[in-house]
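So, here's a batch of structures to check.
Two complexes come next, and they have one chain in common, subunit A, joined by subunit B in the first and subunit C in the second.
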Partner chain A sequence: MKRSLMKENFRKERFRNERLRGALLTPSAPIFFITAVILLTALAASESFRSPYNLNNVIIQTAALGLVSLGQSFAILAGDVDLCVGGVISIVTVTAALLMKDPPSSIILTAALGLLIGVAVGVVNGVLTSLIRIDAMVTTFASNSVLLGLALWLMESPGGSVPYVWMKLPDAKIGFIPVPLLILAAFAAASWFILDRTAAGFHIRAVGGGEQSAFTSGVNIMKTKIAAHAAGGFFAALAGLYLSARMGSGDALSGVPFSLDSMTAVIAGGTNFSTGVGSVLGTTAAAFLITGLGNIFNHMGVSTYWQYVLKGVLLVIAVTAAALRTRFAERGSGG
Partner chain B sequence: MRKFVWFVRFALAAVLCLPGVASAAEELVNSAKYQKAPPYVVGLSNVSPSNAFKVAMVEEFKAVCEERKDLIKAYYITDAGGQIAKQISDIEDLIARKVDILLVTAASPTAISPVVEKAVEAGILVVTFDNLVETDKVTIRVEANESGIGTQNMEWLAKKIGGKGKIVMLGGIKGTSSAQLRWDGALAVLKKYPDIEVVGEAWVNWAFDKGKAAMESFLAANPVIDGVWTDGGGSAQGALTAMIEAGRVVPIVGTASNGFAKIWSKLKAESGFEAYCATNPPYCSVLALNFALDVMAGKPVQRHIRTDLAIMDNGNVDVLVRPDFSDMFWVDTLLSDEKNKELWGSK
Partner chain C sequence: MDRPFKADVQARGGGARPPESGFAGSPALPSFIETRGVSKFFSGVRVLTDVSLSFGSGEVHGLIGENGAGKSTLIKILSGLYRPEEGTLLVKGEPVVIRSPSHAAELGVGVIHQEFDLIPQMTAAQNMYLGREPAGRFGVVDFAALYADTRRLLEEVRLSVEPTALVRTLSVEQKQLLAIAKALSWDAGLIIMDEPTAALNGAEIDRLLDIVRRLREGGRSVIFISHHMEEVLGISDRVTVLRDGRVIATRPSSEISESEAVRMMTGKERIQKRLRSGIEKEKTKSSELPVMSVKNFSHPKHFHDVSFSLRKGEIVGIVGLEGQGQRQILRALYGDMRASGEVRIDGVPAALKSPADALRRGVVFVPEERKEEGLCLRLDIEQNLTLSTLKERSAAGVLKFGRAAREDVRRSMSDVKLSTDDPSRMAYSLSGGNQQKVVIAKCLACKPKVLLFSEPTRGIDVGAKEDIYLLIRAFADGGSGIVVVSGDISELLLVCDRILVVHAGRITEEFEAENADREHIMRAMWGLGTEEAKEAL
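Now for the complex of A and B:
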């Protein structure tokens, strides 16, 4: 009797330790740590940084990259990469600036059209990648080029305009909560739910972890890849719509930096290429770190050149730490 | 004394290159709204440090801020790396840092407008210069004569080749307002010369390597090229280098980078080669700052100001060129010789 009780306790203890170890070993742990340390340091060091006006700024500034990075998570978790998010953003800002007019119906229809463009591009990418088996790096790079060209053709030099209410959206608040924060939180929660709690999410991760084994376990590779890329396009379009409100106009070049920045956010957030491992929360934290760093450096008066250097160094640290964590965790679970 | 040195330098630059300012419209800034006792906090939101002109522009600004501590207690420079979203964020950060004066050279003429309007609403004196923001709300607009670069360069080239022949055109960055204005200005001049045929067009980002590569392919494709129009220093230098390598040097126009001037001056001595530059001054940042300081001091200032172009031609190229400085040096400058040596001199 006593012996079995001891056994039971031992098992409980071990379980608890495993949970703890699991939390510490998650590949996203370093990004949470780094983001927290930097945020706290900036809050303590800079008066203008901690002003409510500026903290609101940080949120407004992060939302676009946050949204794109969520989409990028889907693509990378599925074992691919989405290099055309920039093109989608560009064409969506241009579309919004050209078509969106004052009546609410126009706003809703244009937004819907933008999202549809994003999803359609994602579906095409998914089909080319899975059915014709062209590497996603090539497919999405090519579609990025096509989209940028189309955007420039539609709007040679920046212009157009969006309705006033749409422009005021990023600055809006519900109660004391900024709308961009609500948007980002809602879509991050939805992404987490899909990727961590639904069959579709497990399929995406399974395909990312190894197409062959996913196939033998009965996962429909093509459907899964198309879904993952469609999600990537959807989120990029969402970011494009948000950006069109921030800019009050369209610009065919506005999306360009987002392809690389979103990949950085996903990888720094602890997601690994071709493992299907990674967390939405880590990605969101990394997006906050990347945009937040720019803001913090501006407030601390760090010169532009050092901004690039320091940002690069910090991101290398985050990515390296995430990679090491993953390797360590793999060895741990293997033994 | 310092003020005097600064004045002398200004005068010297004026004598060399004849830069100046002319107002384009009569409307005055409401100085009473902004008038305030110094010292001030000044912010400069720059689009990108990507080329020699922009680097010089920032350095000219810094030098004046350092020199005029009596007027400027702090200055912040942000840099968007050419990214629109980053520049919107940068300006929001400068508003949060409570600047009195904000100078903006924009990554996009329209996309930066909403945040610039936000700054104006926050009571900040906003000056747009160089790459302009297109909004009426901006306090002062200091406009370089961008289309003039295109037209004056093309006028000279057209006359030089006798109003007929085959030319190629190398533009700046497609989609930016300055590149487009220069390009359109050049095309407007071409309408007067029906016998000039454009046999090649390329957008080469004002860059040496791209200018050279484009020129190489145009030379290979066309047995006859009579002249080359560019709107940049690096692109003109690249194109000229390609022509020298091919042994087919023809008249070329560009802007006043030292790299272009060095080859030009050497070729001029060897073979009487002729070229031409209409160029806007990289100290446009200083001009913009001075107008803002005038408003703060309660002086009348026009809302729309157009700066004149400086001309470099065979008459003054040998005076302006600095063989001891790097290619990146911009020959039209207000900076002291020591500062220029430190920035551009060979180490």
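Now for the complex of A and C:
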């Protein structure tokens, strides 16, 4: 009796320790730590950084990258990569700038068209990768090129315009909370819910973690991959719409940096290729870090060139930290 | 062992049938699934020929045959991974075309594959219900149901892990039991178990066989595949022997003896006699320097104070229950794990800090996970053989090519008695036995002083096993010292000169293989003292 009680206590204790260990060892732990340290330091050290205007700016900038990165998470968790998010963003900003007019119906229809484009591109990518079995690296790279070309053909140089209401959207606030932050938070929560609480999310992670095993377990690989890529396209289109509002115009080249930046955010956020492991929260934190760093460097007067270098270094540090953590965890479990 | 359907089987479907009869008469029990004249080709090569079998509900049907005999192909057809070119499948008498694994599952076919089909980064519960999670509206997973169901099934196989445990953190045995629980969760009419005992120890095997019996009593059909003949014959009601893609015979298991079954599988008698060393006399020269000596070899976690020496031409076996540290000793000797203590190669102290170190000193490791560690499956035989000897086979960094190089490769291929002579065959298209032979040929090319084998014949059919034993002996006779870690005592008794027993990370006993007996070794493995062992005599 006494003994079984002791055993029970011991089990509880161990369980608690395991949970603690689990929390410390989550792949996203390094990015949370790094992001917190850097942003808090900047807040404490720089008056111009912590000005409400600037903080709002950081948020407005982060929302775009954050949304794309959420979509990228789906693709990478499914074991693929989505290199055409940039192309989708470009074509969607151009479409919005060309077609969106003042009446609310026009705004809604154009936005819907933009999202449809994103999802359609994602579906095509998913079909090519899963049915014809072309590597996602290749299919998405190719569709990126196609989309970029089309966007440039539609609009050679930045131009066009979007309705005034649409333009005001990024600066809007509900209470004291900026709308972009709300949008990002809502979609991050939705992504988390899909990836961690629904069967579809399990399937995406399973396909990324072991396609063969997932297949023999009865997971429909094609459907899962198509869904993951469609999510990638959807989020990229969402970011494109958001960018069109922020810029107030269309720009066929506006999407270009996002393909790589979103991959950086996802990987630095603790998601790794081909294991199906990674958290949406980590990705969002990494998006904040990447735009936050850019903003900080601007305040410090660091040139754009050096910002590229530092971004690269950051990526390496984050990935190294994640790799070390994994190795440590595996050694700990005595494998 | 109770076999409720035994009498029935004998009464209706039994009796000696002429071999090569193919279809095994009317099924003893209402058949759950039936194959009629099923044939399968791979790039024009017939791998299954006219297979007609029926698997009855409430029947355990053993499937035996060498690797490459067509067992896995047949299973893959039943589980929807392959589609046969000829013949039909009938589920409960209805002809069906099984389109995919999920379709097979819908039809009531559950499979426990050899490779487990578990996703390491996901939890036990997620794996268990992957592809058919209990979900509410919008596919929202019902975690309470998921965990409750998982817990119930884990209990059924008596696996005590939390449903939230990551599969990555489980041991091989736990993964095996989890895979079984997963198959049970399908609630399938037919459960196919491909080598379900390969990763289990004695008590766990009993537990598994219990589960199989329970399934039979519940009216399920079970297809049981194992390389352990006594297991198959013990548990199944009927056995089917496959050879070269054909059904050789289907018989009630009570009417077939082990040696008979082996003869049908291989067409030849199994080696019974120990393989004698060809240089027995020289070996007795104790003055000769050992090729490898290990002293006070310790690892904080896995093994302690291990000391032994290995002479030229000697084969030393290391045996222990699963997880007693024997594998880690081997890893450390190969430089893949740090350990304290001293290792001398040819009398010279050698710090083996990495596999590259070990290779440089002539210590070569033949891994048990040949698909992961031993071979590049997507390369052909020639490329695989050339990989570890790139330097010898190239001039100024450019690989030699042409006839001479090809001849070289062909020679190593025939040295290890590979069943094919085509160096451009892809490694993945070879059977397990032939893959292992390619791995051994690779090692041969390195001219090793010491060869370390880990489970050299795990998952390999009987005929190929014999070839591999002969190869190991030939290595020894060629002057290498050899260490074999294996869980198969009869295998060690067959090939080794000495056997060391490891228990709880220590070498607890040493036997001369010639006058060792199975039972003594068993007792030592279980950590039962020598005195008790003497008493048992």
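Here is the rule we use: the second predicted complex is superposed on the first by the 324 of 335 C-alpha atoms of A that agree within 3 Å, B and C clash if a C-alpha of one lies under 4 Å from a C-alpha of the other, contacts with A are read in each partner's own complex, and residues count from 1 in each chain.
Note that in this section a residue touches a chain if its C-beta (ideal position, glycine included) is under 8 Å from a C-beta of that chain, and two chains touch if they have at least 3 such contacts.
All figures in this text were calculated on a predicted structure; none of them were measured in a lab.
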According to the stated criteria, A:205 is in contact with first (subunit B), second (subunit C), both, or neither; which is it? second
Quick one: is A:253 in contact with subunit B, with subunit C, with both, or with neither? Answer first, second, both or neither. first
Partner chain(s) touched by A:149 [first = subunit B, second = subunit C, both, neither]: neither
The answer to whether subunit B or subunit C touches more of subunit A is B
Q.
A:167 in the overlay: touching subunit B, subunit C, both, or neither? Say first, second, both or neither.
A. first
### Query
In the superposed arrangement, which partner chain does A:277 touch: subunit B (first), subunit C (second), both, or neither?
second
Residue positions on subunit B within touch of subunit A in the complex are 46, 49, 76-79, 81-86, 88-90, 92-98, 108-115, 174-177, 180
Residue positions on subunit C within touch of subunit A in the complex are 79, 81, 100-102, 105, 111, 113, 115-122, 126-127, 130-133, 135, 138-141, 143, 162, 168-169, 182, 301
Seen from subunit A, its contact residues with subunit C in the complex are 15, 193, 197-200, 202-203, 205-206, 209-210, 212-220, 275-277, 333-334
Residue set of subunit A touching subunit B in the complex reads 48-49, 51, 53-54, 57, 60-61, 64-65, 152, 156-161, 167, 243, 246-254, 256-258, 291, 294-295, 298-299, 301, 303-305, 307-308
